[in-house]
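This is the structure I have questions about; it appears just below.
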Amino acid sequence: MNKVVSVPAVFRKTADTFAAGAKTLAQRYLVSTEVFRQEQEQIFSTQWLLAGHQSQIADAGDYFLVSIPPSSDCGRTKESLIITRDKSGAIHGFYNVCRHRGTRLKEDACGHASVIQCPYHAWTYGLDGRLIGAPHMDEVRGFEKADYSLRAVNLALWEGFIFINLDEDAMPLAEWFAPLNGKFSHWNMSILRPAKRIEYDVRANWKLMFENYSECYHCPGVHPMLAKVSPYDSAENDLSEGPFLGGFMKINKGAGLTMSGKACALPVGGIKREDGEEAEDDGLVFYYSIFPNMLLSLHPEYVMVHQLWPKSPERTLIVCDWFFHPAAFAHKDFKPEDAIEFWDMTNKQDWHVCELSQHGIASRAYEPGPYSSRESIPAAWDRYYLSMMD
Amino acid sequence: MNKVVSVPAVFRKTADTFAAGAKTLAQRYLVSTEVFRQEQEQIFSTQWLLAGHQSQIADAGDYFLVSIPPSSDCGRTKESLIITRDKSGAIHGFYNVCRHRGTRLKEDACGHASVIQCPYHAWTYGLDGRLIGAPHMDEVRGFEKADYSLRAVNLALWEGFIFINLDEDAMPLAEWFAPLNGKFSHWNMSILRPAKRIEYDVRANWKLMFENYSECYHCPGVHPMLAKVSPYDSAENDLSEGPFLGGFMKINKGAGLTMSGKACALPVGGIKREDGEEAEDDGLVFYYSIFPNMLLSLHPEYVMVHQLWPKSPERTLIVCDWFFHPAAFAHKDFKPEDAIEFWDMTNKQDWHVCELSQHGIASRAYEPGPYSSRESIPAAWDRYYLSMMD
Amino acid sequence: MNKVVSVPAVFRKTADTFAAGAKTLAQRYLVSTEVFRQEQEQIFSTQWLLAGHQSQIADAGDYFLVSIPPSSDCGRTKESLIITRDKSGAIHGFYNVCRHRGTRLKEDACGHASVIQCPYHAWTYGLDGRLIGAPHMDEVRGFEKADYSLRAVNLALWEGFIFINLDEDAMPLAEWFAPLNGKFSHWNMSILRPAKRIEYDVRANWKLMFENYSECYHCPGVHPMLAKVSPYDSAENDLSEGPFLGGFMKINKGAGLTMSGKACALPVGGIKREDGEEAEDDGLVFYYSIFPNMLLSLHPEYVMVHQLWPKSPERTLIVCDWFFHPAAFAHKDFKPEDAIEFWDMTNKQDWHVCELSQHGIASRAYEPGPYSSRESIPAAWDRYYLSMMD
């Protein structure tokens, strides 16, 4: 007795925009330091960037740091941000820079504090950024504490995720995400809780990972285990142009994207069918890329999110989080590692072919190659990216 | 009873071109990134480069990779080539770049394969480079497999050695080597077999190793063991101007350039004397530099070959191979390590003084110094190099 | 019965030059490669640089090397100097570069030799730099040994310290130090002997360490142990403008800047009071910065000296030496480690906050912050530095 998977209307397939003749990006976009700088200016300094989830700072006084680009053994971080929750519960983002001598205020990746005190000369700021202590500065004529609050960074929430924008005059986040209104409400993302974070240091341009994520043409060869439970040719796209791209694939009946091949936790929500009934949501997995640094993978029983942070033209930090329903954690059948291990393996398979592509693209012999009909989303991603670089 | 070493006519000493007043290269040639780039373009992208020996791919399906510049922990390789032998026995060279998404096809330094299949989307090429499989591409209007063969690199053989040239319109290799026609046939180099490869990561400009190889003025101080068996002042040059430079030195009677001081294998060939007799060839060792990346050392019982691969103005990968006669391997007195250990020690002594020179040359106090009368070949090598950089 | 600390006239407090409104340096001075190069040219290639102390080469034939910038795992040294003492007792400085092929002559950081012989072709120089041996060069027409002495570097002594200057036409060292004539004679620095050297690889711009050294506003938070024995608000400055800056602080009665809190050696000298009597010199510690690379800390029983060697805009080698009176070494109460351990701890506390400042200053959010009234010397140091960069 075969189960029929019913796809809700908001996920209906869009017109196919595949155009024969679409080709991969020119070499310079993937190796040039000049292009990298342009991206940092025109994209990573103007767009909303995924930085975390509100569950990371559940209590007043909790904080975590965001590094842009991420620190690494071969380079240095230019920006460090402190994301705090104040006593009123409001979430703030500040540059991690004392207003006195420029000293970095916090070093630990995350922690808890009642105030933010500089380790150098003990200037002290509230969780809302106001300067509340500065020894001996009352001796300086004209000095006013009110002029030396921490520099705030533009910050907003979407579905529980924390986004930051280095551009103070950026379009409001709600406006940016308006086209997706309600599309993901089923998954209850704002209440989910993280079970695991894994960071990957990938030796490839960040765009190769977006292209890789956007097609399953590579699945039979690269992901034999994944291909067995989710047929690569079942992919359908419902967002096929613009900054939000992706669609869904079928999961074989009774199967799950886990090492055991079975569901590993309680469902995160319930898909509404067109007739208003809850759909059987264990038959589909949804994959979306959110320009420029988020990959959003929605499974029946978990949500996986990748943050991509370019370090150099040829190196990217990828932070991968797995979120589950709060009620799932206490359940006796909760086996998050079953999904995490599966995707850690699958992630590494992907990063490896991305690294091989990075190497080959640096050759004088490289020229843009032809996308197949199964690569319409990478082609659309490239188009949107190029429109940002004009 | 002293043996008289008889030198064949093809190795007769040429006119001495030493000119008092010749000086070492100016600093910029040895430290400048700009000059390094110019060399990569004007020399390493236009000249025939030693890449290996046909014995490395003895059977159909065997392949090995060539990296230019070689990979290292501090940089990245720009070019990777696959050298294959197809079923007809023909040797090919291809850029290691899939025509689809640019992915590097092969990762292992050498191996065996019946076809070349891309690990990303399974595009498949024959050993002759033709695209023979590309899933779903028949759905793409206008796509023809014949348009997407692997990009070939210019490749040819000389005396069994594989040379490649990144310039598709380069002078044919046979024409380039015409001045040396027959000069080395005695050593049977095309049938020799390798016994050992050692790679050296040298922190010095590649040209310093050519200058170092080209004189034995340094031997008494740097190579006390070598100097004992082969008098530094016995050097005579028979190629003293142009891209091929060098000559020979005497080996003391009964001695060999080995740790034990004795011959370590059967001879590789027999020198024809002027009177048509086989010369006693155990009294001479021949040293030639082949511009721009080969050092060829011809001993009575082995041939040692260095490949030089510049990584940066101050760093060079040196690949050193030792070749012996195929019949020597089965002989009971075959002791290749006796020669290998000797030269590994001697190589390292040379690289060390080259590294010391690299350090000193970077100083503001450096200025070109005077070559002695024993350094006419380094001076000639510099002249030829400078003519290529005009 | 409270001891009154009497301050000699040469250390009388100067007019306070603190100007409300003084701010920290602009970002570019602390992160820019271009500024770093300008500093190397306009400051480190023209000013007198502390390179060591004459006690390091006590005997004829002793030598030590000076590297500029210092070698490190991530870069290379451009200049290496050999500092020797010849048979007449004279101290010389030479570029560590053979006049023949540019080879570095000496590799060991220090040693003893009767001549300086090149390891490559055995050219040989006297301890005074004259070329005294060059094999086969007599065969070269026109070659004169007298033309190939080692290149000397400008070198002079001040209070027993060896200074070098890469500018051959620099102002004489005695003239440079004339404003300090006699000021430090009490400490007998030319006869002191070193007990210990520690090198620090600090990930911060060299100027941050000068600013850090020049104020004790940070002491309560950063150096709790130091703050206990030497009150941070006891600081008085007697050199408050120009290349020599600093002053003194009180040491609590009976206390010492050591781990045990007590004096660890015989005094290095005796302060002359205005009335001609020896002052009780155990009540003060003097801190001076000597532009551009010396920090001079004068304690009752030891002298601590820091050399600062910029490696990059964000990295500095700091060499710290502790000197004691020659008579102290044999004394039963000699415990140099008591002071060394104390300052090693204190140094590391300082380097850490300097590194945090370096990180924060690289942010787009950094802007020069207001100096407090306790930071008049950092402000004066910045002014002098900026005058050198005009």
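Letters A, B and C mark the chains in the order given here, with residues in each chain numbered from 1 onward.
Everything below uses one rule, namely that contacts are C-beta pairs under 8 Å (C-beta built on N, C-alpha and C of every residue); 3 or more make two chains touch, one makes a residue touch a chain.
Everything quoted here is computed from the prediction, not taken from an experiment.
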Numbering shared by both copies at the chain C-chain B contact, with half separating same from different: different
Equivalent-chain rotation between chain B and chain A, CA atoms, steps of 5 degrees: 120
Intercentroid distance (Cα basis), chain C paired with chain B, Å: 49
Multi-chain contact sites of chain A, meaning residues that touch two or more partners: none
Residues of chain B that touch chain A when the two form their complex: 76-80, 95-105, 107, 119-122, 135-137, 139-143, 148, 151, 166
Of all residues in chain C, those that touch chain A in their complex: 20-21, 24, 211, 217-218, 220-222, 314, 353, 356-357, 359-366, 369-370, 372-374
